[in-house]
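Take a look at the structures listed below.
You will see chain A twice below: alongside chain B first, and alongside chain C after that.
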Partner chain A sequence: MRCIITGGNVKVLGKAIHSLSRVGDELYVEPLQDGLSLRAVNTSRSAYACFLFAPLFFQQYQPGGQGSGSVAETVRCKVLMKSFLAVFRSLPSLEKTVEKCLISLSPRASRLRVQLHCKYGVTKTHDLSFQECESLQAVFDTEQCAHTLRALPRLLVDAVVHFPLTLAEVTLEVSQGGRVNFRSYVEEETEPSRMMVTELCLSEDEFQAFHVQQETRVTFCLKEFRGLLSFAESTSLPLSIHFDAPGRPAVFALEDSLLQVHLVLATLSEPDGSSQATNGTPCPFAPAYDFTGDDIDSYMIAMETTTCNDTGRTKQLPSPTFPLRCTSPNPGQTDSDQEGAVPGTPPQKKFRSLFFGSLLSQSQSLSHAEPSQEVLAEDSEGEA
Partner chain B sequence: MPLSTQTEVGDDDQYVLVASLDNVRNLSNILKAIHFKDHASCFATTNGLKVTVENAKCLQANAFIQAGIFQEFVVQEESVMFRINLAVLLDCLTVFGTSSLPGTSTALRMCYHGYGYPLMLFLEEGGVVTVCKINTQEPEEMLDFDFCSTNVVNKIILQSEGLREAFAELDMTSEVLQITMSPDKPYFRLSTFGNAGSAHLDYPKDSDLMEAFHCNQTQTNRYKISLLKPSTKALALSCKVSIRTDNRGFLSLQYMIRNEDGQICFVEYYCCPDEDITESEL
Partner chain C sequence: MRFRAKIVDIGCLNHFTRVINTIAKLAKTCTLRLTVDKLYFILADKVANGGVSMWCELSQGNFFDEFQMEGVAAETNEIYLELTPENLARALKTAQNAKAVKIKLTNKHCPCLTVAVELPSLSSSSRIVTHDIPVGVIPRKLWNDFREPSVPDFDVSIYLPVLKTMKSVVERMKNLSNYIVIEANLNGEMNLKIETDLVSVTTHFKDLGNPPWVLEDGSQTSTQERDPESMAEARIDIRKLLQLLAGQQVIPTKALCNIVSNRMVHFILLHDDVSLQYFIPAHS
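Moving on to the complex of A and B:
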């Protein structure tokens, strides 16, 4: 892979890296035919971000090996976020001094080279060691989300700025009446004396699009959202928020002819009793009971794209989508099952792991755990 | 008793060193540029004051404050030498704060009675006087790097601006900073080899940052990054830096620093190269 980025786009790339660094400790670099994809996932797998830079974004873009462009030679890899971020650390100096950025991935030399051509003819060459890896593929479909909001990033930046930096999660509440509320999420155990709740109300007119089918509230992490917002603000592209019932992931998307950004955040499952919105979630796109139809699932699963026997396993599994919808009326039970099944991921705040949620819920609904599923889950945790 | 110290001031003859300065920052800023160890040796001659700090027997930093910087600089003996705690000295020099508000400057009068006596500082700002007595220590023998300009193989003068960012962003997980100077490509290269990979920074010889380029032979030497990192402080203050290596690979970094009154001072770093360099790593 080899690509050249010039002018202001270098800063856009830098901002994207800063935004991705809010999500994960590793950066997944995947040169695709339709652009360069940079992705990150957090350790608890409750947040995933993907930036896809279209070939037009680059002055030159060769996804494959040198010149050949063949898909077979495509290498995907991951690098330490810290080391990649170091290259783009200072955004002002990136803007001031860097004229051209060249990124090349050469599996033979086993290094990812980032070369910055700066003012005064100075060249900075960073050779980063990388690890070859599977594709980090999140599967989600914004079409299946019941609710969509779209607004200019400025509006959301102005809304979020009022929340204290220490606040971990924020609740987004929408009603059909056209009210959009952002409220600090406070854990139930918090002493009332230490509580500070910030609440902010926006009206429907401030949004470019407002498609809400019923009153819903979802709670998600602020840190990653803030990261995306600062990127969105610099591009001024409208930000779409696709969400569904509590516990189902929320997808934040930016789109342009040059780039596509998706941030998928787990939302907090509502405790029993207060999930009246959950039950009523309509399923307009009832999934076909198709074993290969994973991509219509709004949940994310880790896809082992290159290992062929994994594909085989996936095919044995029924689509995770279908059973999930069956279990949605009793999310509490699902959670307890998750705790038992994944000892390594303490679901402290009942955030479902975006990657495993579907598989585990499914095993519960099938009333017997398939051993192959567990293997798949463990593999993907270790490698992906 | 403050009065008794004031009477001491009256008689300058008993001091081997008396120096006065209208703006103490002209001294304190430059001392900060070499403050990476707490102890410094001071040498005063009629030419001025030289303050030396060393580290690990491999690095020496010298700050030169020539007599002209001071409004008064009197040395009674051929040379006056003492060792002092630099952290304490800096604390005293900045006792009125470090901010550089226009129109406010701290005046300094510095007196030294001689061997066995404390260094006396009188600082005055806005009519308030602070008197400091800092105990001096036994002078120690300093390293002699024997860095002689006739042995210099390669020499580059750069505008500091071009190095500042490079030094600020040095990959500190790398143990060494490798400096390549060559009459051919890559001309001047700084390299680090850290946990995450390597980084090379190349400066072409015709760059606008390059004030002078006199390289006679290709030299690649490694220096402990932990030793060179403190020179960032001097770099930050400086406007130009001269980078020289001699035939043994010893490195000399000379920083030209312009103070608030437009006068020029120099800070100089000498560093030994790392010995264990293998061909495969080059």
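Moving on to the complex of A and C:
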């Protein structure tokens, strides 16, 4: 494989590497007939990203070494993300100094060569050691996803910026009524009084496409999503979000004639039954839509409840245990077992792996069931 | 117990944000006291805080376009909340180009201070961001812990030099020692000193001026009997001092400090509508 990238496209490649580095520690390089594919997967296999650069993206693109078109000679490999990222570390200097970038990989050579031809005749050559490997392919089908949103990346960047950097996951909620909600995901173990919950509400009009068949909420990791967004923002291509029921992967896609990007993120599967009371957040769709409607009494909530027995309260008290739905991995997913070449580590969270469909911890207990009403009761004690 | 307030003016919002950022730099958790006219951010002096205490006071009228509150009872129309100011600062950070910001007390999964931000959007309807900041409601029997500290019976009171200058001096001294000695006299002179086994560094400030303090009975304070040349000194934790100096985002109209020899240093920073008092205990 041999390809040459020139001008502004070098920076696009650099940004893509930055985005991929948010996902995994290894970069899978696969020269295909329809373009160069760069992929990454995280250790828990709950996130997978694939950038496919079409041959038109390059000034020159030869996927199969010398004899072009000979599939036999095609080499797939993986390199350490860290070393590949180091080549493209500084995006501003990449833009300023690099005129041409040459990437070559031949089955006989023991190195993947990345050459940066810079201003003033400076040439930087990076020889990266690689490992031959099988093709890495996550199993997903955007056609099968029930719901699709499409928006300019700017909108999603503006949405995500409101969430603290320390936040791991975000919940996306959509309703047929045309509302799109992003909310901080609070883990069940977290004491509700410790964490700030942020919620953002967008209206359907801000999206280019809004196909929602039923009210749904999915929870996914923010880190990888942020990485993709910063790439997407630089391209200004509309970003599509395909998702389905909780637990099914969500697919984030960018597409144009030169480039195809897919980010697949596992979503948190929800326990059976009503999910409302589980993650400690209040019932859905009850946020401040009344921002403009200034009905004072409706949102000045009296907090001096000395008893906990009003109906709304009791409903929210979570039961100590939840039965978890045990979905057996579907056949499509088991098939993909062989395809993944990296040894898998168990998912850290309850995310199902995209490859193995591994399941979550069965037992979970809620220790923070006690609402923090006691202090309020003391208040009235003081009155006496 | 009810509370809601609204800021529309962008200038007020920025000003309020700066105040909150300052508080967030000074205290991990603090008490927010709400009264009809004022907001107070209080850090009571506890051993856990290293003996440092803070009292910040702002008049709501200068910040909020609407401000409604209802305390526990008519005769004690106040609310005391335990708050992580960092959360509030974070919430306000996302409100930089907001059309309006509402802050209200709500009872969601726990008592919360909800910051609702109305942001401009591409469509006709605004984007709404809400941040639910968990707070603790402080029962009335504990309110006494959060009384306004009285001005200590100081030996010397002196105006501070430009805080930025002082900050850059203290920043450098911090690399050399954990403690700093502040000393000042009634002749408008102040020294910042560090003393270690290896090095002694002193920065001298002069012509700072001593603020006139008048006692309630109209007489001048006892400091008048002091020898104007004699220094009063206190040795304090340099990080605490730097925290105060580094946290200042607006130049105060007046900044002064009162030194109680070997006991504490009391800083007062005055803005038009905000006053901040900060107490750092002395180490022997």
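The definition used in the following text is that the second predicted complex is superposed on the first by the 281 of 384 C-alpha atoms of A that agree within 3 Å, B and C clash if a C-alpha of one lies under 4 Å from a C-alpha of the other, contacts with A are read in each partner's own complex, and residues count from 1 in each chain.
One rule holds in what follows: a residue touches a chain if its C-beta (ideal position, glycine included) is under 8 Å from a C-beta of that chain, and two chains touch if they have at least 3 such contacts.
Here the structure is a predicted model, which is why all the values come from computation and not from measurement.
Contacts of A:Q60 after superposition on the shared chain: neither chain B nor chain C is touched. Residue contacts after overlaying the shared chain place A:H126 against chain B, while chain C stays out of touching range. In the superposition on chain A, A:A86 makes contact with chain B only, not with chain C.
Between chain B and chain C, it is C that contacts the larger number of residues in chain A. When the shared chain is aligned, no partner comes close enough to touch A:Q33: not chain B, not chain C.
Contacts of A:E206 after superposition: chain C is touched, whereas chain B is not reached. Touch criterion met: A:V197 reaches chain C, while chain B stays clear of it. In the superposed pair of complexes, A:R111 makes contact with chain B only, with no contact to chain C. For chain A in complex with chain C, the touching residues are 155, 158-159, 161-162, 164, 192-203, 205-206, 280-282, 287-289, 291-292, 296, 299-305, 316, 371-372, 375-376, 378-379, 381-383. Note for the complex: chain C touches chain A at residues 1-4, 68, 70, 72-73, 84, 87, 90-91, 94, 100, 102, 104-112, 114, 116, 118-119, 121-134, 136-141. Taken together, the chain A residues at the contact with chain B in this complex read 79-80, 82-83, 86, 89-90, 93, 97, 111-112, 120-129. Residues of chain B touching chain A in their complex: 162, 165-166, 169, 171, 194-204, 206-209.
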